[in-house]
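Down below are the structures I want you to see.
What follows is subunit A paired twice: with subunit B in the first complex and subunit C in the second.
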Partner chain A sequence: MTEPVKKQYDLNRREMPKQLPEVRRYNFNEVALGYTAETAIEEAKRCIQCKKPLCISNCPVEIDIPGFVKCIAEGDFLGGIRILKDKNCLPAICGRVCPQEEQCEKTCVFHKKGGQIAVGRLERFLADWEAQQCEPEMPEMLPNSGRKVAIVGGGPAGLTVAGDLIKLGHKVTVFEALHRMGGVLIYGIPEFRLPKVIVTREVEYLRKLGVELITDFVVGKTRTIDSILGEYDAVFVGSGAGLPWFMEIPGENLNGVYSANEYLTRLNLMKGYLFPKYHTPVKSHRKVVTVGGGNVAMDCARSALRLGAESRIVYRRSREELPARLEEVENAEEEGVIFDFLTLPLRYIGDESGWVRAIECQKMALGEPDSSGRRRPVPIEGAIVTFPVDAVVCAIGNSPNPLIGATTPGLTIGKKGNIEADEKTGTTSREKIWAGGDVVTGAATVILAMGAGRFAARSIHEYLSRPQAEVSQNSGA
Partner chain B sequence: MFKVIACRMIVPNMHLLTLVAPAVAREARPGQFVILRAEEEGERIPLSLADWDAQSGTITVVFMAIGSTTARLASLTAGVSIPTVVGPLGNASEIENFGTVACLCGCYGMGSIYPIARALKEKGNRVITVMEARSSYLFYWEERLAAVSDRVIHITRDGTKGYRGHVGRLPEIMRALDEPINRFILNGCTFFMKRASDETRPSGIKTMASLNPIMIDGTGMCGVCRVTVGATTRFACVHGPDFDAHQVDWEELLQRRKTYMPEEIVPLRTSACEDHHVASQEGKP
Partner chain C sequence: MKLDSVDQILDFAIAKEQEAWQFYMDLAAKVGQQPVKQVFEAFAGEELQHKAKLIEIKQRKLMIPVQQRVLDLKIGDHLVDIVLSPNMTYQQALIVAMKAEKAAFRMYHDLAAAAGEGNLKESLLMLAQEEARHKLRFEIEYDDNFQREN
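The block that comes next holds the complex of A and B.
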């Protein structure tokens, strides 16, 4: 017996090509360009196929990550996409917008040495590879159960529930308030981070599976949940966090002060960056300040840049505390977004015609840690700065949309306006009503919403699979 | 897709559009609005409901052709379809037996106040409708409004019908009426509602206005429709559109409505030119 040779691991994470910063800051095309098949195989081959993989347990939708990575390593892309789609019906989207660095990639055994497998890039590669094939493969479908489920909100949570339940043989209808399916994927996340053609493709896949998709339908207004329950056996509410916060400081209603939702919706859903071909107007601002430090703030600041403005982010804590993904922060910095850390807006100053012209801010310093564990920003006395602006985007967060709670008697609503639902099953205080995603948690991530959708779908399926007598008969069938 | 049943100009520049939208018609209440999109590339705009018929599944809106979207809506013809009609949005107007209610309307408001006046009448109110226009030929739906009103009073800028002037003459009109008013309701362009609100303020009589800020989604998501009422910011789409007119910051609303004034007509001009150019390049007339 010879001494076992210590195996040499390949810790070289393969880079994904991107548009150059000086090019991409002038266009709305996707920033990251994706792996080639060769690079994807190289990257996948680095995976050592742990016996007890830690990546899976840190994935909100429990994808068999080593399984699909192994397929890529062997060049079996079709096999890979099958494994991926078994757990995730929106892989092209998750491969782009999931915070993998906080999830699967964080628990990779190579993480400590900085060589964690690029799971997100591989996921994206497989999904894009499939899209280039003629037709996506249809999954196995269980026979029709005769049960009907209504889904409120066509965002990531709702689409996940729809995908899971249709495969289990239930009839599924998704009601969406806006004129396009996708929720935040369509109205919020910009084209340069998530091309809308990808969202459309994933939505079309669900349509092919037989999901009924109804747009321009505001549940709670066009029809109440209780009215819908007259026709359906179960309802899932995934109506999102669609109520923007403002800072409640003077001058916030001046012209040129936007919520992040408004700014992004004009650009993304309404395609205002193509004005006047698309008719929703977008102003050409010269100096735009975005307030906030999350992913949404990065999206706004980078959009403003692409529309030709000098774009500045004002954040009350330091760079360390930015809640945005590091990758997005770096992208923004490379493109030329100016960051003013430890800066808190005090008021907006307008001109005589009601347009914002300046933003007055308080400089801050970091004090003792607060309840979130982050060091609390405290004002530096007398340190006031003023920036000239012609637009401000307020990207400080959203609350759950109150419409469903206000129109559904008996549905328990939490202090923050969220629908109270069980974390593991999505069940609410009302029988036959499940909820998940941002409407339950407050603004979070796409993948967490999908995870909640997955759990709720499982619970709804269990409920619908009980003997007929236990499930109240549906009058409409 | 939502099919157009009728689209016609009822008085100069004022258009009536009837659409098939059964889900909206079934739930509609007085004071609510819809959001429409005239075409795939179109913007979303809010319009107050002027009428609906749950049985036939149709809704009617009245609007003035002023920007590119309203111009496109105005050019629709019966039989074509538009991609978006969503609603009914906003809260219904408060309809109680208040006693005597004065419904003040101008512009598109002569249409949108009709269902409110009708509901008030059905609730047993005495309804006095005051209509304002530049000239008598700009009044429409007079018979409809008369049918649900106990009295109809006209004001015209040029004096061709009723009182001469504008809504600023309200106090003397009220004096001439010589009967107590329990509530005022305002529907119409922002400036009209501001003026009317100024006139009813000294009386202290509750005055409700249906606000008309810019909107995108109409469900509280975008926040563009924020208005200051009292000291607080409210979203007209989910908290309104009706607010206590005496509490509304009218100057702010007027300013916010002007945000996109320079851009409003750009798509109209541009696409007309582009269409012409494309057609000429393709050798079409």
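The block that comes next holds the complex of A and C.
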């Protein structure tokens, strides 16, 4: 009798080529270069098509991951993109900036052995393939329902709601405060991580579907939500978290101290790094310190490096606690960003002209775990260090802009300035107003914002599908 | 006010908790944003709990000698003083609370340093640690909410 043959699995996750660190630190071009078709097929063939795939349940928008991976393995890229776009209207973006390592890839059966399927890279491959090969396919559209939905904010949450509702036959208008659609995808995430041509492509796709896109329109200033509701059956608020936090330490008003929002907006939205092609230059700095350890901090520090500065990150905890994606931390280290862990800014020191010239920091140590098991940093008595700087970027977090809460009576706002909304439906304390994304959760990830948008779109559609009389009655409420 | 006995010290501390309640209620009345108003009202409510605890300690003579120093994260120490205004945020509310509790800790600590050895000193040190515990509670809330990326 022969022994059963033990099945051999391929745990060799295929690497994605990147620009070399010594090259990319001098340019703003995309760092990761994407899979070739051959590599994508090889990677996809490793997937064993689990009968009960855990990757789907750990995806905030519930993409049929094994489905599109199987299509790639079989070379059916068009079939793959159809499956992908059924649940995700922004695949080229999610394939680049979503934390797959914490979501779908984390629950892959190969994860424990380090060979999890590279779902994000495959998603990106399909979206890029579609953009290169053909015009995007138009999805099936339901007939016009006669209902109108206004969306406040053209970021990932709002664009997802727009994409879902237009396909369901509703008329959709997106109101964006800035002069370009995309929200944080345009003003926040740098070109080297997410080329803006991709965001523009996804936005144009929505326009082709019939979504009306209105820019330079600040809801709460140009018009209030209540005024908009006079013309629309429902409003979704996805205005993001654009109000930066500062540390409230001495010297934050000095020249050369930026919030991450300002610094990145000057570079990404205003194209400061492309002066004189764009007439909005950024000041050139020699020594830049970024405060914080999240993805935004990595974006700022790596941008400063590309603008020619010596770029340093100061972070209050140790490397293990960095909230940024490991991939971004490694990219920053390879490029030459200097990390000072367990270092807390105490004050910014200025010169006689009011420009920041130094940052004084306290060295920290991790204390004993508290009741939550977390080791909190505590100061080391007398351990003070000072770095010379000519710019500081504060990247410690954001909360929502208070404008909408202040101009919309009856809308319940949380203590951190967030709109309170139901997690599963996006409904708020106000009839006909839904909310989702960073304006509800505080600054989080693109895919979570899209997930919230998807849930809200479902709930809005359900509401709009009620008999006309019921919706009209609510309209008068 | 004379602080010659443990009871006098406790009466002083009880009056201080009442003042702290008033301080937060005044701030709650001053701020415009409802959620921040509620934050200050909650802080005021905590001061009443502290007061009740001290009254119980006094009535039941429950003074417990300080066994262990409360952890001091020193988060508020280097932050600027917040200008009290109707537009205060939750972040600023927490800074105000951390600083107020630190000031109370220092007061009891300094009084203890000036007191001779014995029950009076022990009582003041216990009150100082109690205030340190209140401060730590605000520091942790601040750390969890506003320092996640720092």
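Following the convention adopted for this analysis, the second predicted complex is superposed on the first by the 462 of 477 C-alpha atoms of A that agree within 3 Å, B and C clash if a C-alpha of one lies under 4 Å from a C-alpha of the other, contacts with A are read in each partner's own complex, and residues count from 1 in each chain.
Criterion: a residue touches a chain if its C-beta (ideal position, glycine included) is under 8 Å from a C-beta of that chain, and two chains touch if they have at least 3 such contacts.
Values in this document were obtained by computation on a predicted structure and should not be read as measured data.
Asks: So, on subunit A, is it clash or fit between subunit B and subunit C?
Replies: Fit.
Asks: Pick one for A:P250: touches subunit B only (first), subunit C only (second), both, or neither.
Replies: In the superposition, A:P250 touches subunit C alone.
Asks: Let me test your reading of the model: by the given contact rule, A:F339 touches which partner, first (subunit B), second (subunit C), both or neither?
Replies: A:F339 sits against neither subunit B nor subunit C.
Asks: Applying the touch criterion given at the start, work out whether A:A395 contacts subunit B, subunit C, both or neither, answering first, second, both or neither.
Replies: The second partner, subunit C, only.
Asks: For A:G354, using the defined touch cut-off, is the partner it touches subunit B, subunit C, both, or neither? Pick first, second, both or neither.
Replies: In the superposition, A:G354 contacts subunit B only.
Asks: Output check: A:G294 vs subunit B and subunit C. Expected answer is one of first, second, both, neither. What do you get?
Replies: second
Asks: With both complexes superposed on chain A, which partner does A:F110 reach: first (subunit B), second (subunit C), both or neither?
Replies: neither
Asks: Which value, in Å, gives the least CA distance between subunit B and subunit C in the superposed three-chain arrangement?
Replies: Value for subunit B versus subunit C, nearest C-alpha atoms: 5 Å.
Asks: Which subunit A residues come up in both lists, the one for subunit B and the one for subunit C?
Replies: 248, 402
Asks: Considering only the defined contacts, which subunit A positions touch subunit C in the complex?
Replies: Of all residues in subunit A, those touching subunit C are 245, 247-250, 291-294, 296-297, 315-316, 323, 344, 346-347, 362, 367-368, 370, 376-379, 395-397, 402, 413-417.
Asks: For subunit A, which residues count as touching subunit B in their complex?
Replies: By the definition above, subunit A touches subunit B via 177-179, 187, 215-218, 221-223, 242-244, 246, 248, 252-253, 255-256, 258-259, 261-262, 265-266, 270-271, 275-281, 283, 353-354, 401-403.
Asks: Can you name the residues of subunit B that touch subunit A in the complex?
Replies: Contact set of subunit B toward subunit A: 23-24, 27, 37, 41-44, 68-69, 83-89, 216-224, 226-228, 233, 238, 251-252, 255-256, 258-260, 263-264, 266-267, 270-271.
Asks: What residues of subunit C sit close enough to touch subunit A in their complex?
Replies: Spelled out, the residues of subunit C in touch with subunit A are 33-36, 38-39, 71-74, 78-80, 82, 89-92, 95, 140, 143, 145-150.
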